[in-house]
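To keep things simple, chains are lettered A, B, C and D as they appear, and every chain counts its residues starting from 1.
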Amino acid sequence: MFALTEKPIRIGELLDSVTRPGAGAIVTFIGTTRDHNEGRKVLALSYEAYPGMAEQELERIAVEAKKKWAIEEMAIVHRTGRVDIGQVSVAIAVSAAHREDAFAACRFAIEEIKRKVPIWKKELFEGGELWIGTQSGQRFHTEPGAEVLGRFAPHSK
Amino acid sequence: MFALTEKPIRIGELLDSVTRPGAGAIVTFIGTTRDHNEGRKVLALSYEAYPGMAEQELERIAVEAKKKWAIEEMAIVHRTGRVDIGQVSVAIAVSAAHREDAFAACRFAIEEIKRKVPIWKKELFEGGELWIGTQSGQRFHTEPGAEVLGRFAPHSK
Amino acid sequence: MKVKIRLFAILREKAKTGEITKEVEPGTTVAELWRLLQQDYPALDVPGVRLLYAVNQSYVGGEYVLQEMDEVVFVPPVSGGSPCLL
Amino acid sequence: MKVKIRLFAILREKAKTGEITKEVEPGTTVAELWRLLQQDYPALDVPGVRLLYAVNQSYVGGEYVLQEMDEVVFVPPVSGGSPCLL
């Protein structure tokens, strides 16, 4: 199950979709809207996705995880639209025979989602709104070996 | 929430009990009965607990985790009695502002449960049954600094 | 030769549109298309933001040469709020 | 002086009882109680299993000196199936 949804995410369904007789462990990661961020009072988050590619990239993360760890199944659901405080924006479930693999693959999945799945987060805070990752003046850190595919800083033209 | 239960564990309740406005992440670990173990075909597991002390030790793990990581809340529920294949034997949920803390504390909790909470697991497999951890001839590894409080190997008397 | 451009999130808001069909010369790369688009929509010149390029729902490098009716998406930093690197 | 012993899991099955009240001399340690108990119940002499001691629902060392009406539990390896060490 690799899906986008505008409706509240049902964790039970996600768990059912990865439950396997050969699995002794299921690790889940659930992202929720936090009421504060970098000193701002957050009211809600709003997610926008590139449909089609987003689901495909989610599934690609599972394929990659299965190459790296002995996991049984992975499922990921991501919300789009407005997500209020305490509500779930993303849920990942990973089943495996052994817990070490489930933990590692789940951690990998959330890092990969936040790195390369085309889903964008707008923070609605007291006094304004902000697309996360695109604040003017934000400093980006280049990872070793990572390729910067484009930029639009005015001085780079 | 630190509880033993004879009934199926409800993950939704566990999640609700750790959901906090200040949390951006919830990590859960769910242990399920696996259909195989060390070459044996497993039919079910059966858990027996020392009531009172077991819950107290679960809560102690949460207290310890809160000292080590910036987590908001932890909840742990453990089944007693027979748990069939694919059913949940233990569930841990940890909420935190940031995912790193939630992952670390959740991992810590399951390792600690399996190390020192007085809950015992009997494996019912095709051809017999076995209290896990007490197989004759099992070799125990001593961790550095760990204190062996007692033993009853016949040669040690 | 025509390509279809889709804009999301901050780019969609800046350009005030989510979809643009643009006529380009054969041989144009996706990085060149971005610079052409910024000429059409100066509001897209958002400082300090790095982009990825996606064509037909897969990430590509800036040197990718556009084909007739390609669907092009310029991907601003995704939800992590961390560096937007492939 | 009386103490209450509770047995669980493999120990309960081996001894065929879950609860034993035992008369001990003042000054008896919990480790000594275990050896006395093994004399009463030779079936408890399970090879290759390490025990922890708990008194009144907390782990204690083997040198703990028993008090009147203490609840003593000998804790065989717990569910992890890994080394049973405090």
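Observations on the structure shown:
In this text, contacts are C-beta pairs under 8 Å (C-beta built on N, C-alpha and C of every residue); 3 or more make two chains touch, one makes a residue touch a chain.
Since this is a predicted model, take the numbers as computed values, not measurements.
Common neighbours of subunit A and subunit D, listed by label, are B. The minimum number of touch steps separating subunit B from subunit D is 1.
Spacing of subunit A relative to subunit C, judged by their CA centroids, is 22 angstrom. Our note on geometry: subunit C versus subunit D, Cα centroid distance of 71 Å, whole angstroms.
Between subunit A and subunit B, the centres computed from C-alpha atoms are 27 Å apart.
For this pair, subunit B with subunit C, the centres built from the Cα atoms lie 49 Å apart. Residue positions of subunit A with contacts to 2 or more other chains are absent. Shown for subunit D are the residues in touch with two or more other chains, of which there are none.
Pairs of chains that satisfy the touch definition comprise A-B, A-C, B-D. Against subunit B, the residues of subunit A that register as touching in their complex are 11-12, 15, 19-36, 85-86, 95, 97, 99, 102-103, 106-107, 110.
Within the complex, the subunit D residues that touch subunit B are 6, 8-10, 12-13, 31, 34-35, 38, 44-54, 57-59, 61-62, 73-86. Of all residues in subunit A, only 47-50, 52-53, 56, 113-122, 131-138, 140-143, 146-154, 157 touch subunit C in the complex they form.
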